[in-house]
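The structure that follows is given in the form of structure tokens.
Should a chain be cited, it is by its letter among A, B, C and D, assigned in written order, with residues numbered from 1 in that chain.
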Amino acid sequence: MTEVALILLSAVLVNNFVLTKFLGICPFLGTSGKVETAVGMSFAVMFVMTLASVCSWLVQKFILVPLDLLYLQTIFFILIIAALVQFIEMMIHKTSPVLYQALGIFLPLITTNCAVLGVALLNVQQEQTFVTSALYGFGAAVGFALVLILFSGLRERIEVSPVPTLFKGSPLTLITAGMMSLAFMGFSGLVKI
Amino acid sequence: MMGLLYALLSLGAFALLAGVVLAVAQKVFHVEGDPMVDKVDALLPQTQCGQCGYPGCKPYATAVASEGAEVNHCVPGGERTMLAIADLMGVEPKALEQEATAPMVAFVREDECIGCTLCIKACPVDAIIGAPKQYHTVLAAHCTGCELCVEPCPVDCIDMLVKPELIEHWAWPLPKTRRSKLGHERRENHAGHA
Amino acid sequence: MVVMLSSPHAHGGDSVRMMMLTVVLALMPATLVSVYLFGWLALLLILTCMLSCLLTEAICLKLMGKSLSTLLDNSAALTGLLLALTLPALTPWWMAVVGSVFAIVLGKQVYGGLGYNIFNPALSARVILLISFPLQMTTWIAPMSINMPPLNLYDFSTCLTLFFTGVDGLKLSLDAISMASPLGHVKTEWTLGIPVAEALNHYQYSYLDAFLGKETGSIGETSVLALLLGGIFLLARHSITWHIPFSYLATVAVMAAIFSAIHPDHFAPPMFHLFAGGLILCAFFMATDPVSSPVTPIGQIVFGIGCGILTWSIRSFGGYPEGAMFSVLLMNCAVPLIDHYCRPRVYGHESGRKR
Amino acid sequence: MPAMLRNLAQRLGMMAHSFDGGIHPQQHKVSASLHSEACPLASLYTLPMKMHIGSPCSPIVAVGERVLRGQKIAKSEGYLSVPVHAPTSGRILRIEKAAIPHPSGMGIPSIVIEADGDDNEEQILEPINDWHNTDPALLRERVRMCGLAGLGGAVFPTFIKLVQDSRFAIETVILNGIECEPWLTNDHRLMLEYADDILSGLAIMMHMVKTASAIIAIEENKADAALVMREALAARDDMAEVRVVVLPTRYPQGSEKQLIYSLTGREVSAGKLPIHIGVLCLNVGTTRAVYQAVVKAKALTERMVTISGDAIAQPGNLRVRIGTPMRYLFGLRGLENFTGVRILHGGPMMGELLRHPDVPVVKSTNGMLAMREASFMGAHTQEQACIRCGHCSEACPSSLVPNLLVDQCRSDQFEKAEAYNLFDCIECGACSYVCPSNIPLVHYFRYGKGQIAQQRREKVFAEASRERSEYRDQRKERDKQALAAKRKSVRKTHAPKVEVVKENGPTTATDVVNNDKLNKGNIE
């Protein structure tokens, strides 16, 4: 039980994918313009990340290692992720056309999202078990979702601020992300695994 | 040799599996038509004026939603409509090519009207009444100010008048302070991206 | 032609300037204590921070072509004072200047100036300094309140040398004049496996001294009494409401009480948490910064509880001995969402939100 | 003694439910201690065709016609409307657009009467002294005929409130004598000078809505009025269940919804009316007008108006004929030169700034304030950035979050503003009053509300246009098919002969009318 909590806490806060590992920055900046979009993206990423962790672990364990095909790891993982992304894309298109429109290119781009591939590779690297890899994937996704949603709230507020022309748009967005990252430094050392 | 075979087989099998799953998903999550068309159409002012280059509001909505047409073609809708469509479509706002004018209404100078019914046929919203060889009249309450009736009139007896402002419809403008311009600045910035 | 203005045509007379001035006044007791504890060093630090904040603000306004009259709203001076009060007395002058510039430029002006910053400017500068210069930011000089202080801080020339050239200028070793803060001490001993009570004994910790502010720490955070006086002044002047300080402090106290009851060797008692570090300063002056905290009462309570949980967690488990600053910054990130979800119930509606 | 105890209990009960927020502005009630005076007749009177909420009236007199005081000169069009009466005898000078007290500065059709100075009254209506035994419907018609609209400032046609609806039985009538606006004292003077009239009016209304219970609500700063009302009440034997309740002075205590909550602890749901929770709330001035309409058979041609402000040397309350030019009234009080003076129609919290004094007193005119520019501009100094201090949220009687609403209105995020309940704002001005950054919050809210209203109108219009256009397309399609069918049949019978028929025949009037019917009611 404690282990579960620690893995989750570590993945969500201490080793946050976006703010401490700097993975998945592209969708983080691309889809954080509005809270609703960010929430949609969060769920999509959570779905893909968790399932990708599980599937990649299975593939690693039952196909790649026994057949000695480790050199195909990246291709396999990308294949898994791409299939999952296709699936969620169709699902969102059906259930929420507006969200589909709002996410635009960033939805298919989850495929090449380094955070998703990152979590699959890190799982393999850290030699996680089936359950812990699923937890780690889920935790990382929750961490991504947390900062994405918080950040989208901040950006909505920045949107109505009289930002100096020099800093309008990306510069200030990056500065704010940096400040958030600073704040998240406070969690360092919180969980030691 | 064996290794290569394993690789090909496993990858192929896996790809096949993914393909089947996706094919099923495609069936389950099949989307009829484009739901965005109606959403865009709902934002358009329905003047049916054709100033956007499309034969009406619905065709333009279709063009925007599924053919990637620009969001800034609706003249009567003005900037607000443009921003609303851009927002819905998740694209960058684009400056209007033509400034929207004050709302207009058509008016037939009855003593000059020859009762040719050409304007009646041109009106997209049936806002002109009259019979052949009779004076025609514009129902001001229904006129969208699209100006489509002006061109066909053989005797040029249709004027476009500025719609009179009603005291009931009067609205407070933004306060004239330094800060209040912020919002407009934001809108201008969006428009300026073009 | 009369410019049309909507009603109301009467005003209560409150102004931003007065509100900021009230906070500066409320910080005076703490400032006096800091001068008593750290002598000229505290005064030099405070003046440096305030002046560099004002100067930076002036330059920013000039660059952006805005009127310099905004300087008179006292907010830059307040940021400088707050920043100074969270710094250790041994902070060298250039670090204070860098911090002030960070506070004004990155903390405030890039967001559009007063009212638009997302993070508390003073705190973000403090955290930037802490992460950039971890050693200097956790080295505490022995205050004048202890028996036989190693340095006479009431001597102007000593302080001037110390401030501008550091310990090297006095040909002293850092160890000779510094001592650990209670929080740092407990954290160090705890990592060595020594129980909390024993660690406090080693430190000769006294609650009364902590309350009056006789131990070391950042110059303005030591005296609970002085800070409480300021806090009560703010509450009485209606500059802040009770929601944030109360929920913040109560959460820390409750968390500490529960856990120290379960495991007294691992977790410090609530009183220690309340009196230690920058908690009181943060609760009354940082977390209540109106710009970077929620507007609604419910939101403020949620904000306070969040700060409390984070502060206690970081102090108890984290790598840093003090978590108050981080916790306020972290909760600053959540303010827009808290504002959105914690709106009060509107008259005539079942719930606050429509949908 | 029991009365005292009851009062104490009442006071304690009051504390239990008092509305959220509120402020304590400076009172400035300088005219409170001065007896009201009748206003001497002016030479010209301007009667706008709409002095109430609802549809405008249309004139029923011609230019040059002689009229008597109390004569109906404009009839109401539509249900939500009340007629207009001549305030004095004279000749109709012209009927044209004239300025009214409205922030737009726009004019509306008005009747201008040249007074003859005789002030002859028309006596057509019979006094109804025996109102106890009169059918409420008749009394209601009398109230409508006499042109009564809420004199507190909202000018909602009074007869509509006095409806008897079996679904919503009125339990309590609330008489609003709060008058929480600074400077204004006209209701205060009414209660002091016409307590009996007001009580009679109240009795009539209680008879009309068939209830015996009523509350007369008075703010603490008008203790003398409460005393007078209590005495007058004690002298009557038909009003045992009527109480005078003194509420603590706090703005906006007089706002209908807030007052109902303070007195009963019940809230009027959003979009609902007090009648839905069995409450009828009327202003004391309106109540007196009801008495005058029923028992004295007098149409609404006169009301109490406070003339005050720091630019007025002799403040006071005047009984003014509706339609009197404001410039004339200010002149009576020694204000001739308007440079450096700002004039307000109503109180400083909710009143409107006027562009010039050349507008008439209308039914909603409870006060006219002349403020020196220097003191006036104190409220409108340069707007600064919001520091999110939350004072506005604390002051808001509707529990909104005004500073977030301002951001939304300013940046045209109207959907969000609506979701944040912009339309529950009562525009009381408490938020602007307390704002340390001098942000004109109410102005932003009015802008937002106006824009949203316009968008709604456009939406309705667009929707109607879409339907009309679709109907037209269908008709064209139908015609085409009919034509094709005809061609076919023609080809079959006379093969070689091709009839030349126009693509689609001219629209027939019936078609258009049908289309018109389709959309009736959709268009304002």
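Throughout what follows, a residue touches a chain if its C-beta (ideal position, glycine included) is under 8 Å from a C-beta of that chain, and two chains touch if they have at least 3 such contacts.
Computed from a predicted model, the values in this text were never measured in an experiment.
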Which of B-D and A-D has more C-beta pairs touching across its chains: B-D
Separation of the C-alpha centres, subunit B versus subunit D, in whole Å, is 38
Would you kindly tell me how far, in whole Å, the mean C-alpha position of subunit D lies from that of subunit A? 56
Here the gap between subunit C and subunit D, centre to centre from mean Cα coordinates and rounded to Å, is 51
Could you tell me which residues belong to subunit A and also touch two or more other chains? 159-160, 162
So which bits of subunit C are touching at least two other chains? 4-6, 112-113, 116
Multi-chain contact residues (two or more partners), subunit B: 172-173, 175, 182-183, 186
Classify the inter-chain contact topology: is it line, ring, star, complete, or other? complete
Note: in the complex, subunit A contacts subunit D through residues 159-160, 162
Contact footprint of subunit A on subunit B as seen in their complex: 3, 6-7, 10-11, 14-15, 18, 21-22, 25-26, 29-31, 34-36, 39, 88-90, 182-183, 185-186, 189
What residues on subunit D touch subunit A, complex-wise? 385, 407-408, 410-411, 413
Subunit C touches which residues of subunit A in the complex? 35, 149-151, 153-154, 156-158, 161-164, 167, 171-172, 175-176, 179-180, 182-191
In the complex, subunit C touches subunit B at residues 3-6
